[in-house]
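Given below, in the form of structure tokens, are the structures.
Both complexes below contain chain A, partnered by chain B and then by chain C.
And now, the complex of A and B:
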């Protein structure tokens, strides 16, 4: 049963990757590419919130980590003159180190208190960006973040002035995220992390240092938020404090829960469907939160495993009918 | 004395715990030797579970020391103490309910996987080999405890008796030197009790020292080499099962005096 599921997940993943690579060759509309890039960046973020979510913690600081990644990358390229290709991993690492410092004291706290603390952390970050004008540009943020510098791969000169190369860049980073997360899921770390919310007491009693494991999940999540932030800053060419507030964490949570947290497909599916829905409903923009909220309520009631569990649910329903 | 000291596995020295003004455990001293089964009994509220929590690190003692295998483990974290080989089960059925029996026991192997997280992440050939060995170890434990047939069942679907056995299997996978069992036969019927007693004897034969809290006197008298009796957080008697049964203070604590 489990093996069957994993082979299906692999098949769907390969299909998604293949269509991700081929689609822009058929459909070159820049607006379409823009939506895809947004979906890719949000998927990376959603993966980051999911890895903490499976330990039973809702990390509302993810929105703040996204912003920190964007600002770090902007500062590294604009003020220190680093190349984007170095500042992308560097901002991921910087945010991971930040998460390590922040996470150590706060990961002892559970449930609603953890949500409130991480929510507070995002707000503290936002205040820092607003107040520290010399470094972070104050309320209007940092403008003129350069596009990624051109590179030569296998004799091809790739410049990032158009959307297409950035599409592939975001896709590569997303693929990297998916690969890492998938390996984590099947490894001892993933299994242990998923066991934590079931009984922390039991885990502690058989020698699992739960604080360390939670910290590892938190830091990995923050690392990917940092990467996403860097992509964000260099795609939109600015980093502004208004973009990085705690509601971002809520949206990530919604995408993860609606898509399903069981497999790595969930976050991708959630981001794809809901962000496309956002675009479809763009005429009725002020009403989209209502639609999203209704979808969330429906999913929580009838599909607690998220959209990814739909085929399974349908299967068991059909069996039940036959009986 | 020197020869005796080498055999001592767990030593409790002047252990005390106050909850506010209430002394749950007061100046408790006892020791267990390697290979023993020691019973810890007493009326309800005598502080038995508190003693377990103090030894395993889930509670911090107000005073006193816990020495395990010559190492002072007082004030240490439960996971740190477990790493030294001191494991415990819980009074309630604490399991990974959403996982299968096999996965539950596999999680118990955490301390003895033999590979780090990074090598596991990279999934090298050596790690895969090691994982197969772990699976075999899990199967062995399940066969030993009689849960083998139920290996693919979700832990939450097991009967109460099987859940209690699974709780012990998880700790066995962690390869304890000292296993502390908190009321292992509570809520069981006669047949299940007999099986559990047999299982605990088998575990002891493997060379694992057992410290057991239990209300069922038949089980305690059947299993234990030595018994420590607590009342109101204080030790009122210690000795062989026969001695304890005839001890006036124990009879007083359980039945009261006229």
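And now, the complex of A and C:
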């Protein structure tokens, strides 16, 4: 059963990747590409929150880490004159180091208290950005973040003034994220992480250093938030404190829960569905939160495993009928 | 010196409103173990309730303005408590005990409630004034009667809550459930009734906070977001389910905010509040007055 499931996940994943690569060659509409880029960036973020979520911790600092990534990248390119291609991984690493420093003390806190403390962290970050005008630009944020500098690959000159190259850049980063997360899921580390919510005490008693494992998950999540932040800053060409608040963490949680956290497909599906719904409903913008809220409640009521558990649920329903 | 006393008075009002909101959240968290993100929206509904009943006069209330205002606040409390009970019955009851689902559901609820009030009442801030106008002057400093009324009302309500929790049968039952849910269940307590009661009272407390703040500042669909964050800090400071903790925590957070924002600016104030939270949780992961579960 499990094997069958994983092969299906792989097939759908390959299909999604292939269509991701091929679609913009057929459909070159900039608006379409824009939505895709947003979906890619949010998927990376949702992967980051999922890796901590499977350990049973809801990390509301993810919104803050996203902002830190964006600001780091903006500062590195604007104030220090670094190239985007160095500041992209650099901001990921910087946020990972930040998460390591922050995470070590706070990961002892559990449950609802962990949610609160991570909320606090996002809020403290936000106040720092707003207060430190010289560095972070105050309440307006940093404007005029440059687009990625042009590169030459195999004789091809790629400039990032149009949407298409950025689409592929975001896709590559997302692919990297998916690969890492898939490897992690099937590794010993991933299995251990998923066992933590069952009983931390039991895991600890058989000699698993749970604090270290949780810290690893937290740092990996933050690293991807940093990458997403860098993409965010260079795509929108600004970083503003209003964009990086705790509601963002909750939106990531919502995408992860609606998609399902069991396999790597979940976050992608959740982001694809809900973010494109946002675009479909753009004319009835004030009604969008109501629709999102209702979908969320509906999924939790009838499909607690998220959208990816739909085939399984249907299957068991059919079997039940046959009996 | 004047500024110090003025800040102290403003801080007192802020703290008391915060204590109202936080003790509601504290009851819900302590008894049902529900982290209710939508709590701020019940506060917001309270503000809108006072605006509807008192300023817009949707019901034909009669009598002098002060009497009508008090009546509107009571009506608002009852109405919001009723909404809270329905929400608990329909949405929250089936996710009891699952932190993640509860968080997501209450977040969905928050989105729905904010967007619906936005659609129904519009995006503009609703300003209205309470019947208590003018200033009380005590020597060199002044306090508006509006704020004085808010301070007195919140003290009265907190005393009523204290009496209810400690002296009545249902209050004692609630404390028992908060202390040891399994033992209470074994003794045959009606959980569903107690949960409804806790949710109703919790939401009514948030609503009265909103109804008292409404005339002093203004009412809009997003007014609940900031207070609920502070209320979370308060109940963490105080520890889950400890009403005394909520009162002390409320004063600590409210006074910190008032003094730091007067002397250093609002950004520092919010940061100070959250730094206190982070520090407390690092030193004692279950809050100052909390106990291990």
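Descriptive notes on the structure:
To be clear about the criterion, the second predicted complex is superposed on the first by the 323 of 323 C-alpha atoms of A that agree within 3 Å, B and C clash if a C-alpha of one lies under 4 Å from a C-alpha of the other, contacts with A are read in each partner's own complex, and residues count from 1 in each chain.
Here, contacts are C-beta pairs under 8 Å (C-beta built on N, C-alpha and C of every residue); 3 or more make two chains touch, one makes a residue touch a chain.
It should be emphasised that the depicted structure is a prediction, and the values quoted were computed from it without experimental measurement.
For the composite obtained by superposing both complexes on chain A, the positions of chain B and chain C are free of clash and fit together.
In the superposition on chain A, contact is made by A:123 with chain C only, not with chain B.
Using the contact criterion defined above for the overlaid structures, shared-chain residue A:199 touches chain B, although it does not reach chain C. Our angle of interest has its tip at the CA centre of chain A and reaches the CA centres of chain B and chain C; in the overlay it is 80°, to the nearest 10.
In the superposed model, A:143 makes contact with neither chain B nor chain C.
Of the two partner chains placed by superposition, only chain B is touched by A:208; chain C is not. In the superposed model, C is the one of chain B and chain C that contacts more residues of chain A.
Applying the stated contact rule after C-alpha superposition, one finds that A:191 touches chain B and leaves chain C untouched. Between chain B and chain C, the shortest distance over C-alpha atoms in the superposed arrangement works out to 13 Å.
By the touch rule above, chain A contacts chain C in their complex via residues 53, 56, 58, 105-106, 108-113, 115-117, 119-121, 123-124, 127-128, 130-131, 246, 250, 253-254, 257, 286-290, 292-294, 296-297, 300-301, 304.
Partner chain A is touched in their complex by these residues of chain C: 29, 33, 35, 37, 91, 94-95, 99-101, 103-105, 107-112, 114-116, 118-119, 229, 232-233, 236, 240, 265, 267-268, 270-271, 274-275, 277-278, 281-282, 285-287. Residue ranges of chain B in contact with chain A, taken from their complex: 56, 58, 77-80, 82-83, 87-88, 90, 94-99, 103, 106-108, 110-111, 113, 117, 120-121, 123, 170-171, 173-174. In the complex of the two chains, the chain A residues touching chain B come out as 183-184, 187-189, 191-192, 195, 198-199, 201-210, 216.
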